[in-house]
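Okay, so chain A shows up in both of these, paired with chain B first and chain C after.
After this line comes the complex of A and B, so read on.
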């Protein structure tokens, strides 16, 4: 029998452009949650820096180096996106593969924040939610992670199984923003 | 009538619309009200109770009379205020509450019977017989009285909701609001300026005034241009701020699509939640009518509205106008009309010291005491010391003074204060934290005062926000003194309207006082004054003044009723935006969803998940046929089922085993690596929370599975234990439910199937019952667990979700080759009932481990959550309802979940209840129905007969109590 073929969470759903906003699937090669063990914060930070050139992110922040991004993902937990987590990190933190657990999309364009303002009850104004800022919040009844990854680009993550609802809700909001002209 | 050269809409494009089927022309920028008046239409609708002809009273959102229905069919919008609705090409509007037409309304006979329909009429009249109220009286009254109707079809239009954040929210864009926004905007604050009108400018759009040495309209345009160029200022027109809530949160309704023909994707309305650090309320004021007999005729409007129609829209609402006032400002109406060439027959001022004019005649110390005409005013009767005289007029502009629009300041329980100088209530400072009032809503009625207060409010906000402000120069503007002498109701015979929308008169309020409904809140409810969609914006103060007079108290002692959100009507559709259809809950789809649909599987919702219920084959006409066949596949060959919905929680750390020992009743610290164990979890109160299997993957690494239903609950429970109860433990948990696609492979041929796909072959020695570990399947690393929820030799294979679709297809293909295939939730359910395995049908929140016969799983050697409470008296009594199996023994062979159990000789009554059925199905394996139930003393009654009664489905069956494990009781098949 042939090897198994992989399928992305938003397979067949994206990309889509409505008005000046574009929604694309932007799945990193790997995603690993990193939760430091008791008293290991500093050692982990050093190891993370060594292995991936990243600092462990502060609350509501993310750190970036080349293709690697570490985003704050909840209480005492960060999500490493991009490279597979270096095995040395396992000494200091619980590492859990989440590469397949989340749908990851990129919402980009001048009206991107206006689109999200229709779905998520958080302040995404540029001066308050700068590039690299991140938030765990509710997005149309889904628990989500939102990160500003560019001046007009937002990364949005929800559970993989909810990809279709995410795309549907984002498209509806995009159409509402675009139709105002 | 449109007056050439007058108004702010010079050069506007003509627009065609229809009213009651009649096509008319208006201008772009017209409201429906201004366009109707331009076409000479005054009669717009019929009143709520008496079906009196009604016209246009105001020019704003406070309009009580001119409510219309826009559109038709499923898209019809009732109760739209003609004074707010902008016209557009093709707009269709209709009158409401009239039949067959607004000109000839059959139910206008109600008006003749008016003496009987006063306040309290329904309460007193329709008391008896009591059953008649719901069946007869109410439906008739509802049909006769009312406003617009819903289409009774699903609404095809969408609404939107949205969130916004700012430093300063300015509510209202009149002179005070514009000034506040400008000062704050120039200082760099993040400002939202919300205005309910389609255009910013407030009263300045309606008055002939100069600001900063130029016409007011030019000044407004200049302000808006500057504000529009500021990136930190957001201008929101057609947005009514509807409520003030805690923590600086405000609700606002934006009319997005009402002023266009329908456009794809464009919502009708958007409901905003605006969070502001500070707010300025600059909502202006609402002019109050004067109550006199027949003051509700079409053609009688507020004086300020007449100026609005004239100065803003260039429409004269009459050709022979009279003015009735108690304040100086209303005289402007006469001045502006004369200036526009409209005849002013008389200005009647109730004050003896009213100003004189050489432009129009003024009658001082006189009052309008009645009007006549049917569908439009034809004359008014004026009473003075000289007696009564009739004056011919086709429009009466009346003004009883102005009420500050302070409603939002009362939304957090604030009470307004009486200000004798303006004969009106003004907001008490500080009633909404962070909100400052400015301009007319604060009782400051001059333009210069509004500009001054607006600027001052912005400066105050900037200080609080710690933003440095630049110097403020106030423009020159009108600074007239507001002179008013209170006049609420003109005495005399006949009905004098206070609340036009709910048809409440002066007499009704007096009647309430007579019947001892003396509190303003009681009067309101007894008369229904202020309870219509306009919330009494035009009538509240006058009504309480009349009540004060009737009860011999002052106005401040009488007090106001409570203003509550929303300030302006908000459609339920806007509040529920996004929640129609599937919008209220996300849909969760399995990786096998696509393949299942291709196999024509029926879907069943399990929480938010969609799972395959059964996979019909050609020739199978009922779900039972498919279900029976799928059970056979598993019992005789091999079946494949997606079980990814079960919660999976990754647990790592030196104290991982401690955590598991603490949350499960049984012990996991002794579980060997590479092994799986079944666990039972209690709530703190000792009742069962959930069950599942947990695998030990490494020394400090476990994967817990939960039931689908309790995945979120268990995750939250573990978080609570970890963070709050045992913060000293070094253990990390994270959900991996979505990371892994997991499939059950069950049946005698399951091992053969897997060996066709696995890199390394397995046998009973390498993978004994309850073993787990890593495997390579078709080139991908996965996990294999030898566990069984069907009682057969079975495995669950987990793989990263991206390969879920491919693996499911591969498993099905292999299964078919071995005589098997896919099975769905129906078959899974029967398979587990045959084995007496549990789901949340049994773990229903009211059962203990004892009830399930699992008291032996509660370790005596360690502490665990729920241990102490599970030993409370009564939770382990033999008399409790306990788990048993049932099989039918009488002529009725069907058993149903939810049915109750009785002793065969007892009456079927609640007090004889012996228990209830939790799960039931037909077992093709055993050839009869099988059920699980909780029965009093159950385990001691094996072999007894009980009577099963399901009143809802009409089933009455005799059953035998049996062991809950129907099939393969010693488990030989799964141990294989």
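After this line comes the complex of A and C, so read on.
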């Protein structure tokens, strides 16, 4: 069989630093969407706690434990980032492997929220959008998931096929913010 | 225009896609006239009207939006799954 060359979604595009903002690519080992079956929310929450030490995140929130992060990912769905989802969860929820489906980047620096203010119609300033908060929103016409993972660090996810567009639009906005000083 | 998603909160209109009037689906045994009405006949009120919107760029929820067609005010919103339009979750 041929040896296939694995490439990351943002291969050859990142990292980039413009002004005081840096854009890098994150590569979680695995990503799995978890959609609890009807009436199984509590059972799933307990199983998630047992297996990964995480609570199922509330709407617009995420939960973190060591290398694992659970991000609210839409109505009735969370995304587990980090370890592969424990098979026990499949009893209570539909699990779907998303590992290769999304580009994950990290925008870090004092002006990170200013950069996203140019691209997303949601208030992502730190006083409103605190560490652990997350949104599903539009970013430059792409369906995005944005999560604050540090005081000045935001994780941005879009479909993998849009990785190049994401990096292009973020770089343009970063240059715009840097130019204004 | 701002629409309050029952999940995400108040969001910009650009995150949503509008389907059209929020109508209860006719019963399984409904006759031709009833289906004709459901598919083709619409009121066009200059007042409050209920529509289905999809939070396409957000959480993916279908939402029943009550909107005033004169003032463009969004009066209320709720999840379509709780709007008794037929079907089961």
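In this text, the second predicted complex is superposed on the first by the 178 of 181 C-alpha atoms of A that agree within 3 Å, B and C clash if a C-alpha of one lies under 4 Å from a C-alpha of the other, contacts with A are read in each partner's own complex, and residues count from 1 in each chain.
Definition applied: a residue touches a chain if its C-beta (ideal position, glycine included) is under 8 Å from a C-beta of that chain, and two chains touch if they have at least 3 such contacts.
None of these values were measured; they are calculated from a predicted model.
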### Query
More residues of chain A are touched by which partner: chain B or chain C?
B
### Partner chain in contact with A:38 - chain B first, chain C second, else both or neither
both
### Task
Name the contact category of A:121: first (chain B only), second (chain C only), both, or neither.
both
### Message
Quick check on the superposed pair: does A:176 touch chain B, chain C, both, or neither? Answer first, second, both or neither.
### Response
first
### Message
Between chain B and chain C, whom does A:137 touch in the aligned arrangement: first, second, both, or neither?
### Response
second
### Message
Tell me the contact category for A:75 with respect to chain B and chain C: first, second, both or neither.
### Response
both
### Message
Let me test your reading of the model: by the given contact rule, A:87 touches which partner, first (chain B), second (chain C), both or neither?
### Response
neither
#### Entry: chain B/chain C common contact set on chain A
38, 75, 77, 121-122
### Message
Please output the residues of chain C touching chain A within their complex, sorted ascending.
### Response
7-9, 11-12, 14-15, 56-61, 89
### Summary
So, in the complex, the side of chain A touching chain B is made of residues 1-9, 18, 33, 35, 37-38, 75-77, 93-94, 96-102, 117-118, 120-123, 125, 127-128, 140-142, 158-166, 169, 172-173, 175-176, 178-180
### Message
Under the stated contact criterion, what part of chain B meets chain A in this complex?
### Response
158, 160-165, 190, 256, 263-267, 270, 273, 275, 578, 582-591, 609, 650, 652-654, 723, 730, 732, 734-740, 756-757, 777-780, 799-807, 810, 813-814
### Task
Under the touch definition given earlier, write down the residues of chain A that touch chain C in their complex.
38, 59-60, 74-75, 77, 121-122, 135-138, 143-144
